[in-house]
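Next, two complexes with chain A in common: one pairs it with chain B, the other with chain C.
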Partner chain A sequence: MPLLERRFTIKANDFVKAGEVSIEVQGILKKIGFDPTLVRRVSICAYEAEMNVVMHGGDGEMMLHVEPEEIDLVCSDQGGGIEDIELALLPGYSTARPEHQEMGFGAGMGLPNIKKNASSLDVYSRKGEGTRLIMKFEVGDEH
Partner chain B sequence: MSTDDGTSAGRPVHYVEVDEDLCNGCVLCMKACPMKAIRLRDHVARIEGVCIDCMECARVCPRGAIRGVSSVDVSLGDRSEDAVCPSTVLYSQFGEDFLPNDVLLGLRSMGFRYPFDQAYTAEIYEFAMELFIREQRKSENPPFPLISAVCPAVVQIIAYRFPSLLRHIPPLATPREIVTREAKQRLSAKHGRSPEEIQVLHVVPCPAMMIREADQTNRDRAVGINAVYDELKKSIQEIEEDRVLHYSGGIGLGWGISGGESAGIQAKSIAVSGIHETIRYLERVEMGLLSHIEFLECRICTEGCVGGSFNVADRYQTKQLVQRYVRMFGEERRVKQKYLMKLYREGWFQTERQVLPIRTENIDMTIAERIEQQKRVESILRELPKKHCGMCGSPDCRTFAEDVVAGKARLDNCTQLEHLGGKGVIT
Partner chain C sequence: MKVEEIIQRFGLVPVAGKGGLDREVQGGYCGDLLSDVMANAGDGALWLTIQSHKNIVGVSVLREVAAVVLVNGREPDEDTKAKADEEGIPILTTGMSAFETAGLLYKAGVGRTQE
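Our next item is the complex of A and B:
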């Protein structure tokens, strides 16, 4: 079973580099030649997860696993964690600070967007203990 | 060329050439190419990949070895019977003493009896685009932002690197397509010939605007502005005729500069220019970040078409002049709205242009095989020095690794691996 794995580091509060990991993920999937719509869905999720680490989390990483039938993204950080996961998943809920809002972030649509675009999403987090998002995408799962 | 699965295979035609005698095999163009289309073979740069005619390579070449080429020689063809449709950028090449109408009259005294004003068809296009955007607003899942198809290089980038964005390209005829239709229709009535028999000569600011294979269903041709410049400059100074050939307002005249197209369309829009900015914005659109924008105008050349490499006048001076024209001719469209509305309803603005994804990966391979291939790229890359020197003939270490895996380069082309003491044994 061919399994391609890539690991990318994400730095907290680095808004200059923010988004580069998702663009790399996007590039790899395009090179392999996955369906453009699938690539688009994965990149949307990668971007939202990456931005959350930059904005709300601490330093972290994104793991990309690629198999012919499934693409997985695992995004984890050692930041402050999420107090109430159910609340965080609600559209519009955001604890983004004013300076983030000035940059155009903090609409509270990131996690809902991931939920919409991934085949499955699992959020593991505890206040003070960081956050881990597992996003799976089935190849051929038309969304 | 289109294949069974609705994609276009193989390299599209391009209009950029390397002069092998002038090229000394430096790495500058190869590194500048945003498509990673250039390789060095035997100390000469060769365009081997998908070229979008953006001219980044030519801009950095210190020896002037890379040039855009015209699809035909301007001396060919019959000037007296056929139509000439210059890009609006031509209007601003001769300084402020000559107005758009003078330029069109100048073409006439060069022997082109039927010049058509593309600034006017630009206004017609904008009217149609507004109607289209209004319709889209009411639809369930509008493909916002719509991405302008006016810069052919942008369309090529989308087809190659952002195929999921093809649905953002409005299915409407561009000003150039509209002016072509108009010219054919009018002249066929005049000469009693069929529209297909009427030849249209486009005078364009950049190689991307050359007519591509897909458009060559008719006898149309294109030449660069530089190809007509000298002769036109002379003939403008000798104009005796007095007649109106230019019809547009300032809106249509503003098209040469970045923001000119979107300025004439009432919608939430942004205008981006330059190849790197364009790619950055397309990436963001693909991530779903710009869906609150309705219309995205991208131009590969910085500052827009005034930056095209076939232009003779300086891009910033030209920009100034275009802005002056816009003020002078007024910021409104001079089109017949009622009539256009009727045409729109009849579907007259639908384009025949069809944009297919450009695929260069080996379509005979399965996804599993391609993942495997990508893994090999990664493992080779780990061994490479990552100095990105280009001495292997590929633009950077990753692309070199890809070329090795694709069988287009040999690992021992890397001059650095040897220095690392024969570490280059990779399986």
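Our next item is the complex of A and C:
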């Protein structure tokens, strides 16, 4: 039995609401009382995943699944998908539009930041078929 | 040092998020790329940037920075101010560049590890 399960929707191109889902996830984890470093790691990953959906993903959703020993985030979208996942995981590689880059997004650090902060990251995507990120965080792992 | 004291010592202008002026500043970071700030700013950092749109507040909340300093005379958008007030993230402005501001802060001991 999970401690808690929540589903949030993310809207494409909504830069006004962007980040709200991650802030909500952060609030929930803080309230449960997880270690602040763990909460920060999850928050960073949630934000990067959320912004990817806002910028590239079409509409999408974030699932938060909390157990005493593990926190999972699953972020899925109906966007254009990733053509080359290995390339997308390289720091500095970005397909963001210039107007997003002007706002300070699209530095090509989203997926690398997630990889660095999650205990594990799985990326499922095909060109034209959307993207699904599964991010797992083991409570108490050294990171 | 608290945000309040930084404002007084360096003549920064608080324009939003005044509910957070007692936040403790533990260091500093300069950056205009949000993912870079997410990855590299420390807890309680004073974040110097030219970005003035609403998303800087979200990054600040998630990264738990102490306050945002908009440099080069930039002013926050109206919705940035509203969000900063709601979240209690102070936004300060200055006409100085990021380089000058960081230099003054660093000289005063902000973000310097004990030698």
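Convention: the second predicted complex is superposed on the first by the 141 of 143 C-alpha atoms of A that agree within 3 Å, B and C clash if a C-alpha of one lies under 4 Å from a C-alpha of the other, contacts with A are read in each partner's own complex, and residues count from 1 in each chain.
Here is the rule we go by: a residue touches a chain if its C-beta (ideal position, glycine included) is under 8 Å from a C-beta of that chain, and two chains touch if they have at least 3 such contacts.
The structure displayed is predicted, hence computed values, not measured ones.
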Practice task
Name the contact category of A:S22: first (chain B only), second (chain C only), both, or neither.
Solution key: both
Problem - Which of chain B and chain C A:N113 touches, first, second, both or neither - result: both
Exercise for the section: Determine, under the contact definition given at the top, whether A:F137 touches first (chain B), second (chain C), both, or neither. Expected result: neither
Exercise for the section: Go through the superposed model and pick first if A:I44 touches only chain B, second if only chain C, both, or neither. Expected result: both
Practice task
Give one of first, second, both or neither to describe whether A:F105 is in contact with chain B, with chain C, with both, or with none.
Solution key: second
Practice task
Please work out whether A:V66 is in contact with chain B alone, chain C alone, both, or neither, and reply first, second, both or neither.
Solution key: first
Exercise for the section: For A:K30, decide between first (touching chain B), second (touching chain C), both and neither. Expected result: first
Problem - Those residues of chain A which chain B touches in one complex and chain C touches in the other - result: 19, 22-23, 26, 40, 43-44, 47, 113
Handout entry: List of chain A residues in touch with chain C within their complex
Key = 15-16, 18-20, 22-23, 26, 40, 43-44, 46-48, 51, 103-105, 107, 109-110, 113, 116
Fill in the blank from the handout: Contacts from chain C onto chain A in the complex sit at residues 32-36, 38-39, 43, 49, 51, 53-55, 57-59, 61-64, 79
Practice task
State the interface residues of chain A toward chain B in the complex, per the touch definition above.
Solution key: 2-4, 6, 19, 22-23, 26, 28, 30-34, 36-37, 39-40, 43-44, 47, 66-68, 113, 139
Problem - chain B - residues contacting chain A, complex - result: 161-164, 283, 286-289, 357, 359, 361, 366-372, 374-375, 378, 402
